[in-house]
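Naming follows writing order (A, B, C and D), and every chain is counted from residue 1.
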Amino acid sequence: MKNDLENTIKIFHGPQHPGITGNMSVELDLLGETIKRAQTHVGYLHRGFEKLVERRTVVQAFTIVCRICVPEPDPNEENFARAVENLTGLEISEKAKYIRTMVLEMQRLATMFLWMGGQAGSIGLGLIPQWSVCDRDYMLDLFEELTGGRVYHMYAFPGGVRRDLPEGFLSRLSDLLDYYEKRIIVYNNTFFDNIIFKKRAIGVGIVNADDVIKNAYVGQVMRGCGIKKDVRKDMPYLMYDKLDFDIPVQSDGDVYARALVRRDEMLQSIKILRQIIKQMPSEGDILQKIPKHRKFKLPADDTYVQTESARGAMSYYMAGDGSEKIRRMQVRGPSLVHAYTLLEKLLVDSQLSDVAMTMNSLGICPPEIER
Amino acid sequence: MIELISKLEKLSLELVQKQDYLYKVEVKKEQLESLLLSFLNEFGYITLDSINCRDDLEEGNFVITYCLLTPKRDHVVMVQTSIERENASLPSIHTFWPQAEIMEREMHEMFGVDFPGHPTLIDFALEYWDNIPPLRRDFDTLQYVNDMNPFRGQRDDALDAKVEMKKKREAKKAAKLKAEQEAAAKAELETQNNPSQEVQNEE
Amino acid sequence: MAIDVKGVLSPLSAIGTLFEHPKTITYPAVKKDIPLGYRGFHINNLETCIGCASCEEVCMNDAIDMVHPDIEYNIKNTSGCVPRIDYGRCCWCSLCTDVCPPDSLKLDNICTHADSNPDNFLYMPKNHKSIGEEVS
Amino acid sequence: MMESGFHGCDLDDSLKCKLEESGTQNTHSVMEKAAAWFRSRSIFVVAYGTGCGAIEMPPTFTSRYDAERMGVVGVATPRQADLIILSGYLAYKTLRRVIRTYEQMQKPKYIITLGSCPINGGMYWDSYNTIKKLDDYLPVDVSVVGCMPRPEAVIDGFSLLQKRIKNGEKAGWEKYDENLDFYKKNQKRVLGNHVDPSYETDWYNLENGSEV
């Protein structure tokens, strides 16, 4: 064993590397192609959000929070809006709640398509990213229409949402969902049933189910180990307690199980969206009357909110101090624990060629680890 | 939940409900480690979701919040304690929860809180940082930026709208005054000129 | 080990897409319709702008400067100034258009611009009355 | 005083002369013109997503907008690349890596920046960990505005770069070579003494004891 450690070579997997999920790096000690030690390095994207938010009023800070996680900005907006609503006691109308739920689910679908591209690209299936990123773009077209932004929506505002639904939006969304249902069958044939993916993914990156609860692993990592937990069911927010959906689980805990969980979650998201289209109230305020930005004050109190993002529970701690500025906002994204505690453990004794695939399957997103 | 309240009452602590799924209990720093241990071993809160830190500069302390979950994950309990800002230090809990290692490392870098016994208090996100820890509230980020990084200096022709408004209002007032004066002068002139005109007319 | 026949054959169904219509937008030739609500570059109706500097105050990026226009369009303009936006700062959050009291500042759906000189990114909003107005 | 549209600063005469000079063509012979045309049609982009803008790279390079139509292809390593896309803000830690990546690239090499942040700080203008004016540290060829720029805008950036290469206008790497002291001084100012040794260093003829 001692001899092994002496003969290792050290390589940096990232930050300039095509097989890394964003701008971060993993320092690997290799013996041949086997990894003996892994260490995560982040900080290439650190912008000091938590400091910037303290310098801005609530209304101004709302535009910046969506930048915290780039592939899926909406859980951040939702968390921020809900934390402010908790602190100030704002109640939002039913229509605004439905619209926000819809935006969250649309975002989940879009993120899943992007993940599928990354997962397939990391094992060399070049066709799937060409398709899935294009399919995600159709959802972004709808976002463009609804919110006015392609990637950063800045839509869920404390007290409701900023714009009403455009005319005929729900029917266009319904058409897109029909298209997605057809596409998921195609992806099933070409990707999830593909023998290349199965051979690469089954039995790789196995997460121990005993660690999951104690180490606060969330999202598909948890559900891939057979633990049926979801913030949408356990601590329902918005309209989730009135919508009918299942939590898909798999028991193996490897990369393939997590992929299947994600595929089933896409189907569940489509199911939720169809219910929302049916139940969407035609009337109602979309935005409560809120004070001007210099007069929007937060009480001296603190709160903690959780939202199920496409990669697991994302939590915000927020504290006010009686002024119009936020005293403290701390983000705890799902990737923080996954990228450090879990990834450093999973990579030991695995192969170098599996690093990119494992990282993709854990859904690691560096901008939200370091903010 | 009632069980937990009675158990905490024995330790003379109070559990406050903040929101539907959110409870909070405040402890002193000396009690913190033993309380977290009993949450882990006796009360069944085996998941540590996050450790949050807040800088209360005016009161001179840091407020640290540990967010705990049961395996059911249906509510959050915040265990809150406050420590002094000067030479801030906390017992490290990475032996109970491995994920606390990275959270404490981050807090050490961003707030300068020390964790005796922590194995890896190395850089988290920053590199070669030699100023005061950035998330402390006495660190002025705009001042730091101005010292380090010049902005693009082509916007010097910007005007202060309030000054311009005042200027315009005064100009308007002055113009009005001038117009009045002119009108008055004109009227005077006219009354002076008129007799001569009349004389001329008569001629 | 038995061969996974389904896993070998089902990916070959991708060949069927050979005969589908391509989905590529050949951008410079064909332009996609950008909806009117899109948050693109600013337009400002100078005939109704009152120069109140609300936009300057709400902007968290410090992107908006108040400057004198070339001619006075609106006599009721309280300061005689109109906003000019630094596109090296703007994040197109549209807070400035939300607070605009006479609703003169708006966001157009034109949104592409590239320049080789990074000094050329101060933007004077076009004097249009409404979004989507044809540029003469 | 101001027409609507994009404006720059009022340049003084000496600087104006310099910029006009830099715009002159340095392709003279037919061979050089042909080489410039071929070069403009095969641009290899190094895969380094430095900021938020990396999220618009997949749509640009895959089937929806398909930048490969214009000869723009992604490659994995800086040694084979002609272009680096700096997509958004750069933290100091990233700037060190970007300088190293840029210096590893073979000439001719170009830089495109996306978004407001590299131009004048963008929405992180008061952040303690990002740089504000990228053109102080690295020579920027084309800047694209937007937060984030749409794939259309990115493709516009590519076309502008291709036009510049075809016309033989002075590229960023030539400016970097000429004003190396200026760039190195600025890099040293923000990064302190922790700048990696330059790839321009002549390792074989290095005198003993001289500073790297």
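Please note the rule applied: contacts are C-beta pairs under 8 Å (C-beta built on N, C-alpha and C of every residue); 3 or more make two chains touch, one makes a residue touch a chain.
Keep in mind that this is a model prediction, so the values were computed, not measured.
Counting C-beta pairs in contact across B-D and across A-B gives the higher total for A-B. Taking the mean of the C-alpha atoms as each chain's centre, subunit B and subunit D sit 35 Å apart. Centre-to-centre separation between subunit C and subunit D, using Cα means, comes to 24 Å.
Subunit B and subunit C, compared by their mean Cα positions, are separated by 30 Å. Looking at subunit B, one finds that residues 125-127, 134, 139, 141-142, 152, 154 touch two or more other chains.
Shared interface positions of subunit C, defined as residues touching 2 or more other chains, are 23, 60, 67-68, 84, 86, 88, 91-92, 118-119, 122. Residues of subunit D found to touch two or more other chains are 8-9, 63-64, 93, 119-121, 123, 125-129, 133, 147, 150. Under the stated contact rule, the graph of chain-to-chain touches is complete, every pair of chains being in contact.
Interface of subunit D with subunit B (complex): residues 8-9, 92-93, 96, 119-121, 125-129, 131-133, 136, 189-190, 192, 194. The residues of subunit D lying in touch with subunit C in their complex are 1-9, 19, 63-66, 69, 113, 116, 118-123, 125, 133-135, 140-147, 149-153, 155-157, 159-160, 164, 169.
Contact residues on subunit B toward subunit A in their complex (touch as defined above): 18-22, 46-50, 52-56, 63, 65, 67, 69, 71-76, 78, 97-99, 101-103, 110, 123-127, 134-135, 137, 139, 141-142.
Residues of subunit D that touch subunit A in their complex: 46-52, 54-56, 58-59, 62-64, 74, 76, 78, 89, 91, 93-94, 97, 101, 123-124, 126-130, 147-148, 150. Considering their complex, residues 56-57, 59-61, 63-64, 127, 134, 144-145, 148-149, 152, 154, 162-163, 166, 186, 189-191, 193-196, 198, 292-293 of subunit A touch subunit C.
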